[in-house]
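Letters A, B, C and D name the chains as they come in the text, with residue numbers starting at 1 for each one.
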Amino acid sequence: MIKVGVIGCGYWGPNLIRNLYNAPNCEVTICCDRDESRLEKMKSLYPSIQTTTDQQVLLYGDLDAVCIATPVSTHYALAKSFLLADKHVFIEKPITHSSASCMELIRLAEQRQKVLMVGHTFEYTAAVNKIKEIIESGELGEMIYISSTRVNLGLFQPDINVIWDLAPHDISIISYLLQEDPITVNSQGRSHYNTGIEEVAMTTLNYGSGAVAFLHHSWVDPNKIRSMVFVGTKKMLVYDDISPNEKIKIFDKGVERPQYYDNFGEFQFAYRYGDIYIPRVEEYEALGAETRHFIESIQNGTRPRSDGYSGLRVVRIIEAANESLDSGGGAIPIISDIGAMMMPESTQEVIR
Amino acid sequence: MIKVGVIGCGYWGPNLIRNLYNAPNCEVTICCDRDESRLEKMKSLYPSIQTTTDQQVLLYGDLDAVCIATPVSTHYALAKSFLLADKHVFIEKPITHSSASCMELIRLAEQRQKVLMVGHTFEYTAAVNKIKEIIESGELGEMIYISSTRVNLGLFQPDINVIWDLAPHDISIISYLLQEDPITVNSQGRSHYNTGIEEVAMTTLNYGSGAVAFLHHSWVDPNKIRSMVFVGTKKMLVYDDISPNEKIKIFDKGVERPQYYDNFGEFQFAYRYGDIYIPRVEEYEALGAETRHFIESIQNGTRPRSDGYSGLRVVRIIEAANESLDSGGGAIPIISDIGAMMMPESTQEVIR
Amino acid sequence: MIKVGVIGCGYWGPNLIRNLYNAPNCEVTICCDRDESRLEKMKSLYPSIQTTTDQQVLLYGDLDAVCIATPVSTHYALAKSFLLADKHVFIEKPITHSSASCMELIRLAEQRQKVLMVGHTFEYTAAVNKIKEIIESGELGEMIYISSTRVNLGLFQPDINVIWDLAPHDISIISYLLQEDPITVNSQGRSHYNTGIEEVAMTTLNYGSGAVAFLHHSWVDPNKIRSMVFVGTKKMLVYDDISPNEKIKIFDKGVERPQYYDNFGEFQFAYRYGDIYIPRVEEYEALGAETRHFIESIQNGTRPRSDGYSGLRVVRIIEAANESLDSGGGAIPIISDIGAMMMPESTQEVIR
Amino acid sequence: MIKVGVIGCGYWGPNLIRNLYNAPNCEVTICCDRDESRLEKMKSLYPSIQTTTDQQVLLYGDLDAVCIATPVSTHYALAKSFLLADKHVFIEKPITHSSASCMELIRLAEQRQKVLMVGHTFEYTAAVNKIKEIIESGELGEMIYISSTRVNLGLFQPDINVIWDLAPHDISIISYLLQEDPITVNSQGRSHYNTGIEEVAMTTLNYGSGAVAFLHHSWVDPNKIRSMVFVGTKKMLVYDDISPNEKIKIFDKGVERPQYYDNFGEFQFAYRYGDIYIPRVEEYEALGAETRHFIESIQNGTRPRSDGYSGLRVVRIIEAANESLDSGGGAIPIISDIGAMMMPESTQEVIR
């Protein structure tokens, strides 16, 4: 039985607690928040849980692991203290606010032989894993173009901009699907409400394979959209995370060069339009799969799918995006030998 | 009665001819194309029309005006020859392939006191004019963010990239609505099918007023989307050009700062959600209004709404976008005194 | 503090318990089900709740009220026993399986001066109350036509047909909005999977005022639809219960007779198309409002909005629909003096 | 070369003329309308066409065939006169206003060995023929339930009700697909604007095979809907005629009896949800296929797909629906031996 503590009981923490309660071989013994009313709420929902406003209690308690669901700026210091106290650590996305601090956590976890996992929840959804299966089958052909739109109204974050808030989803999904890091990143954005905290941004990831990904993020769009388009050389796939029954659509469409047609030098590519296929996507709560994976990684001593390197990959790209955004939108390179470092030979290597 | 010739009878030319036929005080006397089968088709639809494969015939014929619907690369040379032959000239968008050539046409038209008009059709649609009315009423507040998605599958152009093909629509709409030029432009894109002819691109226009516009263009998207989002400080407006009955939606939504809430330093902006209003948009063919406006401008000796300067404004921004695209996506400035030049004091000044 | 017991902890009962727990002045002391695993589940969620498999325990316990969420066939006998034991009674819709048994419950509740309430949940939704406000303002004009589509796949009931299952929603909504009972009812249906248990049905309600309502119910439709159209003499309203942000749409459309046009005796009514307005609908859980209303009715000794007469009105129409369905679909009259009986002079009369 | 005349140049006639012009082996020599302005319009579009306001001119002219696109009440008398004058006859749907008059036309056409065809256009669409192919492959299983919604706002007919106007589409489609006639028909409706001319109606067709079809027709619905649902024992199919790219959707869904579950006698059918498949539907104008089929039937002396019997089948069901509507909505039988008469052994029998 893995004993787990949870720090942060605001928006996301209670979801973690609920899923950890349902995970096999796991016992949530304690939760921590500065706000006593949140702790009372947790106590009313889970009468057996201990509560505390003092994070030190988690350090010295009889815990195997700690889950961190606090604001991003606190991730690094909290995770470091828990790793030093020999706890396995799960951190909500983004893993930390800088690649330097993330790399330090990775090294520390390796030294202490502890699991370090980041909550890239989409890697545990049925839809994303179905898309991975489709891409790996070769059905779409070579990937040439990805476009993601993740916009809605409200839910401004006070301390991080819209890229830090929303891009971890897209980047972790694309990295998981393509198993490739971009070589350069561009980004433009704008802050109107909170100086220096961009609420809209458009980020471009350029890949060595030739693929390009456009990421559109906004907190000020009247419609809630969660849509990704994957254009391959053979087929196209649209992933609409909001659609209840049509999450994934595969379009048997493509572009074929027609014979040359000379009308003042004009010709057009043919428009090939074909069948559409909507595979069934199983419904389950991704967070349940994610929390079970954390517990199993601890039990089996295996590296989790969304490990520290996965977190680092996301943070590095977001850092580059922000650097581009702050310097006029030019291309910022992602240095490749660090990329190599981030791709350990075996992702299932025993770490204990 | 204004006698008009049309050059180019491929995709768009026949639409021009049909609308010119229905315009008052206008007579389409001749059409020209290199492809005889296109001319035969025109003859079968309009038995009284003369046809020719020789563009010289239009130069020396008894024509008041010529409409040019040929590939972009031919616009400048054709327009120049017709202006020199003292014809009024209408050119399909984009007006020319460079700002230098466009400026030369503007000067020539001014010297010859001829109408020079570009086919920015959206400026003549009921929807865009309704949006202009709404923005000018102050209902949306100050404009802070515009996002346009203009994507579909197929209809590749062989000689110009997706920005030259699709951005004229967005830029002419935004310029018409905001009456402001961007100060810098960024763009990223990718070409897979035709080296050097980008089929996807993401362009950002940064305005001195603080507004930013994101333009997403693609020829390789499985869905056809023609959607623009206008976010003002008071309200938001969505323009969906494909929706038959809900082209314009006004959202009484906004973001208001809530009281500070201290939960590990966390607080959130409130999500204010309100009524939605869908004004009726009259239905008519924009091209009809556009062609009538050309004829009226000739008759009244007035500067058309989408004149040479309007065409220049679009071309300069597209040039900057392509410059950015070719140099890593950094910000390319739009020089402001030329901007001033492009905004003549009176847009209704008599030119004859 | 009103002490409440709940009988039936299957699909709907747990929702009742959860909402009663949050209702002021209410204490859920006990729940009852034949299935011990359901009781254990309730105990795990609400550690302080007592559980029993013996409904007699509720009869003789220290309870003020009982909520019945068991299959329809058991409603009457259970409710009767609880009323005889001087408990206030809440019954899930439909109130009973026959108007005779319903009338007996009404009389019994009146004799014992107890609250008898039926769970017509839609009468407590924000959307239906917004529609009521709009209709009563006269904005739609006189109601001439209502169409309801309530279809989905699955969730077959074993003991009642699709009309008994789904029509209570539509009939209670329409009765609440129009405050009028139909004078005749027609219905056609079909059973394929379970002989005698129709899984599709089309029911027509004809009103003395001239209005007609079509109700389409199905358990075998690939799409889930919950849509009602209200056509008035002035405007039209569409209520889409599934849409997250556009639940109510008001169409400023209507039909106006044009001048007569003689073309082989042909003329057409003009098509008037106008603005569309989508009012904001507040979001809250209707079942919360409903359970609070039950508790308040007990405390204040007032007749609940969805009282026994409301339940009877629904049951009588469903009985007539089934009679029509069993006899070839002809019109079955709803006898009006019982209608009068069902409309007590004061619906806020003190009953204690 | 078949010489054809067209009578009626209002709403539909011009579409017939345009398609006949493009049909091989066909020459439209003359058109007739009481309204001279309509004739002038036709003359401007087709300079070679003769025009007349006198229908007698068509009787005695050098014509092989006549197409009738006038109001329904005039169909019978016109068609009879043309058949007696030895012309092949094409009539817009519904073929006539009564089954008696329709039977007389059938007999007359057989005596005179002339083609009698009715304009059931949907039988010539790509979508309906694709559905026919799918049904005949057995993919959907046995048909148990059809639901059609054909509603919009406006376009009231002055002389026929909404059933006569819209039901011919549904009935001809269903008859074409199922090759079966209903045994009874029910209908309810309502007229508000024009006494006796129902603008809304709900019609039920009951088939001997056990299938049932619900047809919902309305001229007063704010949304334009053209949707049919086909529920088979194996799969379900939705046909949305308005959707540009998703006209046909096949749902791999069904209902399976689960094991009995005893919770107060409660159990539920399982909800089986599977893949969705959207086959490509070729795009072409159905009216073009229909007019070519008319010309080919004349040339080859073959019975057209939508012949007089097809027209009679539709008229008989509409007559029954109106009889039901006028008598309280009860079931009206469709006498079966006439049904037999309407199904000639060979539908490709040579008639010349």
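Assume a contact is a pair of C-beta atoms (placed from the backbone, for glycine too) under 8 Å apart; a residue touches a chain by one contact, two chains touch by 3 or more.
These numbers come from a predicted model, not from an experiment.
Peer 1: State the remaining connectivity among chains, in groups separated by ' | ', when subunit B is set aside.
Peer 2: one piece
Peer 1: Looking at CA centres, what chain is most distant from subunit C?
Peer 2: Checked the centroid distances; the maximum from subunit C is B.
Peer 1: Averaging over Cα atoms per chain, report the distance between subunit A and subunit B in Å.
Peer 2: 39
Peer 1: Between subunit B and subunit D, what distance separates the C-alpha centroids? Give it in angstrom.
Peer 2: 44
Peer 1: Provide the C-alpha centroid distance between subunit A and subunit D, rounded to the nearest whole angstrom.
Peer 2: Result: the chain centres lie 54 Å from each other.
Peer 1: Give the residues of subunit C that touch two or more other chains, as numbers and ranges in rising order.
Peer 2: 273
Peer 1: State the interface residues of subunit C toward subunit B in the complex, per the touch definition above.
Peer 2: These residues of subunit C touch subunit B: 245-246, 252, 273-280.
Peer 1: Would you tell me which residues of subunit D are touching subunit C in their complex?
Peer 2: For this pair, the touching residues of subunit D are 8, 10, 33-35, 38, 70-71, 73-74, 144-145, 147, 149, 153-159, 184, 186, 188-190, 192-193, 200, 202, 204, 206, 210, 212, 214, 216, 218-223, 229, 231, 233, 236, 238, 249, 251, 253, 255, 257, 262-273, 324, 328-331.
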